[in-house]
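Quick notes on the structure that follows.
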């Protein structure tokens, strides 16, 4: 059966990962019809949602799990996967279990988590630091200290794309690294506006402001262009989620040799467990429904998880598989995951609306140098106060 | 039995009343000309008769049938437009047969009717041309032909000649006259060319602001206009008007001049009120012959306008401009003093208050 | 000393020759009318004189100064256009003074000139209105005023009255005539209205296809047209032409009819060749009086067109149509037989080959 | 003696004939100078697109964008047309091209047909209330599309047309209607009303007059409408992305996908080739129809 | 007197009414219905799906308290006014130049008009490329020796809107020029002749006579530009995607992002309602000028 699958994985590493899904699905005698939408989630989500609303749904679609699909589920537009989840014992195999919780509404499971992506990474270019004549830093403080040398060597210390989710994501990373998990939880989970306006948070904003200075001269749009600056040694480093890993891999670089990755900015080794999940819009055609379930099962199956996550550079959603072929960075991630140093992802705790507002604020701060960290903090606190 | 009869016709465009309680009866075979200044509602009336405008009130009967709500094509009328309105993409033949085809007239019948019309109008050689390849006069003839083939009783013409140059206009005017003499159907003809009106009409209806001012034979309208508007409107050069009064019974007095109205035919007998004394420039007699007229006076030629066949002399009587049409060969020059005279019986006198003929 | 003199003027639009080696001399204070069919090059000639078109060859002198290469504003001319061409966003006063302001004429001077022009044209009350708030005649007067304030010697008029209705046209015609009598400057006036041409002109230039056919006084052009084109063009109703020959010296023969040309003034004496015998409908005499004319014959009235003041009777001589203008009161009816007569001395005869007057 | 003075010889001194003109008068230099500069400004992007699309990536990285291509390669074109990837689809623009064609033809035909009939009804068969609807329609031309996107999704869903070709055709017909109707109405109004009257007297009905009289006389305006619709629909992005699905994406959406699917570095040459390929249809139509379009715009847009 | 009955009004012109049904439906359902639907929902707290739980003006309050929206409005105002002014002046000046009886008029006109055939997506991409500091204009000028030269409008929040303006003008002025040219050609030639005879230099004639006469053309052009401005979306998306930061955000994009990205329909609807109001503010005076002023003239 033909099953159209929409997603926004169009960069080199991502596309290679998707191909693993497709390969596996086609092997079952079905046909994966690829519906890639370029431009990132911001472009793709409206298309996906309007198609679901418009009564012409695709067979399956990527969405960040979390609150994005809440209302669609509530409106009864999504296929209930509880039966196959029970059958496959997802609750037992999915690690951390929080991932499955995000797929659960009223006790029913509506999505398949496929990977864990964590934001808390900085990627450093060995070449850049070699050119600048300094050692590759091992944490955020060293990194900022070496910035001058990088600038002197004509490098951009910190690569940063212009899209709002990137600056907002970097903020989250700095938030956890500098402010610690408790502060983060207070603000993001409990929506504590006072904490958001407090002195601890002020430090975070100071650090964020410092990072802004380091990124001057980084004139690229897309995240992978920024990653490319790190790959080519034009930039010292980039704060980016673990999906950046895929780009290094496609470029044939080796962790530890050509680049270094520091989880939690080397300060606070913790990773968030956001990630991608697939939803299956309801469909009248029983054949399609069967195919949908087939795909759902497939996606969480062991071999597919391994193949997919190796290409994607993300962590698998099940703890019971062998990822020994994974590279350095991924291993680091797996260790942290195993140690339970995890936190929820922003998408799981904040509504799309609030995330959007924060993104707007962060990207504005990042680009408008006349905005002081204090001003940004005030605006931030206001958003948190309104958050639902 | 009347051919077209219009009863209490009202037509409004929004709040503008264009035709107001208009009544008109036209006999079979009559040639009626609607004449009037621009915007007085002539075309509007014609369009109402044709059914191209929906009347606001009143009725229209054609051949004693109430057609007020009929479609234009069912009224038994044919219409010829100022701009010809030929279908540019069809040949002449196509133009002529379009209406018949629409009415599902059999093919042979169409052929024979087209042939007959073409013969009458002498456009046989043109049948396979398109309108763009015709001269103005030929187009006009095709437009007439389009009405002709439909074998209707009533022909409506909306200024059919006004797009043509003077010479062609004169020729086609005669042709239309000939056509009417041949066909004997009813024709309603709109124009604002007086010469056309006078030469073609059995009766003329002079319109002003949606009302018919006078409906009479051309001669009557020319000689006995019912009001000052009609008098002024008809005739070129237009009628002279002297401002004065008739306080002395039977005499018209303006300034120091008195004109005896002895043999003037009053409508209701003389009145003693301020009046306009109207007199046509072409009825004035000059030179020696003037002395034999009931009224004569000496005047000075102020402007002399030779027009070839005639000469128009501008002079004044009691400081009121007075034009005189004299022969083209006359030798009056600007500044000359000369004698003019006329017969007050040929005058038209209007009450100054309501401007009606007295 | 001439006011405007045009020497061997050529004007081509691309490959189309519109004016061909045209020569024209106009005296000071003369009123010259250019008359001709549409497209014959009248406006083109006027534009050349004004400097609005660049001539292809030849010279133009105004007041004995060669202005061929001068700017229009330096030629000492004023021009009045058919569409008035008033500046719509300026008041009448603004229209009148715009050119002067631009020429840096002192303020008082502008005031006085505008006041004078406004007085002459009687448009003082309108000075602060915009053109949109003026009637056609008033606009025309403002357009004339714009030429007037510039104190020029030569006025050029391009069909200044043709956008107006008949009555207004007649009035303004007289005003222009009065203006000319007052100002005495040179006026060149384009029209295709014969009556305007005849009444206004000191001399008329009849043009055809970029050539001047005849340049003469109105009376001369009316009475002695130099060729058939001019004869046919001038006069309404137009001249009758009988097709025949003069093989018998001094006699015109068509069909069985012979007309003795005894007192006809030949240009170069009689010729023995096929000719057109032209005769004006208004010079024909009917009824008893016809017998006293050198030539008379009996004819049948085919169509009678009463026009109020006159009546046009269509008849034929030797199967060739012949129109006769008779008095409006005449009682000839369609089908009547009547006597017509005329004096061949008033005829115009043209060689059939080159159509020139003989 | 036809010409009263043709045989007079006139002495002629001084200026005669046309005033001599210097081809390089200051005025001409200025006018053409300005025009040339302007033309350069307008042509520059086109030039850059073409030049870039013919270069290889190394040349782009080294040289500047205005330099003419040294090593002309058609690789980027081939890639843009048939190899560029979005996700797993590596069919380049070609698929989008055919989708666009498939969308274009019915959309253009139906929207023009409906708008012309509307315009005709408005111009010639005025009925009560028609003007009101027309005014609403014209106002509608200025309503930002964003307002209507969402209700349109629901509307199409209710009609069962969402994601179908028919839905997109409907969307284009609806949103093209105001300006096209205006265009047709103005044009039909400018045709002599008497023709319409004559046809009614001749007994032709609503459709008879439309097909037999009006249509044959309106070829120019149909051409203009077609140009407007072809370019408008071809260039549409918003509706294409929202109301279709990936395998029916029109070329503009495909273009956006290709340009935004960055794999490592941006392949500017491929992007430019893709851009040019997408623009080629409307460009060809404009260059080919040039004067006609200008005339139509003048007739439809500028009145009074 | 035989009185035939007056036919039912509804059935007169029945064919015309049937033919106009698509238009009537569009007007009522789409333009009125959809708009009303949107306005009603702007008073709700609809998130991903439209729901009718009303919250009064809360969405509007938030709207006007959002910096991004204010920046969008500011950008739109700036972009709008500049593009109005520049389109009209440049369009008019170009039209005047082309009106000088020049050679190759057709060629020049086609060159100036062709960008109009290209979509905003294409326009945005190509200008993004030209204005790219690494490869585009800045690079060229630097390579000529001015190594300090900076021209990176798309990467500088203060001037990014100019970068968009350059592209927007490039795309649209040709069309305005064509309209102006048609307007100029529509002016009575005799006006030109009259002014030449009055000795008025042509620039003065343009300013004092021709421009005032072209008022209707200017208004038409103005409305066309204005309608385009309010809708400006594709260009920004393709050229900067609102960046850097939020510096080049526009209302249409705000609406779109709110509705689909932030999944806050109510907010998006409120923003689009404000856009609609701004359109009405432009349109109603125009409609009044165009139709109300001289009723029955047409």
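Note that the chains are named A, B, C, D and E in the order they appear, and that numbering of residues resets to 1 at the start of each chain.
As a convention for this text, a contact is a pair of C-beta atoms (placed from the backbone, for glycine too) under 8 Å apart; a residue touches a chain by one contact, two chains touch by 3 or more.
Just so you know, these numbers come straight off a predicted model, no measurement behind them.
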| item | value |
| --- | --- |
| Minimum number of chain-to-chain contact steps, chain D to chain E | 1 |
| Fewest touching-chain hops separating chain A from chain B | 2 |
| Chain whose mean Cα position lies farthest from chain B | A |
| Chain pair with more C-beta contacts, A-D versus B-D | A-D |
| Intercentroid distance (Cα basis), chain C paired with chain A, Å | 92 |
| Intercentroid distance (Cα basis), chain E paired with chain A, Å | 38 |
| Euclidean distance of C-alpha centroids - chain B vs chain E, Å | 54 |
| Averaged-CA centre spacing for the pair chain C and chain B, given as whole angstrom | 27 |
| Junction residues of chain A, two or more chains touched | 46, 50, 53 |
| Residues of chain B engaged with two or more neighbouring chains | none |
| Multi-partner residues of chain D (at least 2 other chains) | 149, 154, 256, 259 |
| Chain E contact footprint on chain D (complex, rising order) | 31-32, 34-35, 38-39, 41-46, 48-49, 52, 60, 64-66, 114, 117-118, 120-122, 125, 127-128, 130, 133-137, 139-152, 154-155, 173-174, 177, 181, 205-207, 231, 234-238, 252, 255-256, 259, 268, 271-272, 275, 278-279, 282-283, 285-287, 290-291, 294, 297-298, 301-304 |
| Complex contacts: residues of chain A adjacent to chain E | 41-42, 45-46, 49-50, 53, 68, 70-72, 75, 162-164, 219, 221, 351-353, 355-357, 360-361, 363-368, 379, 386 |
| Residue ranges of chain E in contact with chain C within the complex | 188, 190-191, 193-201, 204, 208-209, 212-213 |
| In the complex, chain C residues that touch chain D | 7-8, 10, 21-25, 54-59, 66, 68-69, 211-215, 226-227, 356 |
| Of all residues in chain E, those that touch chain D in their complex | 9, 12-13, 15-17, 19-20, 22-24, 26-35, 37-38, 50, 94, 97-98, 100, 102, 106, 108-123, 125-127, 129-130, 132, 135-136, 139-140, 143, 170, 174-175, 178-179, 181-183, 185-186, 216-217, 220, 223-224, 226-227, 230-231, 233-234, 238, 251-252, 255-256, 259, 265, 268-269, 272-273, 275-276, 279, 282-283, 287 |
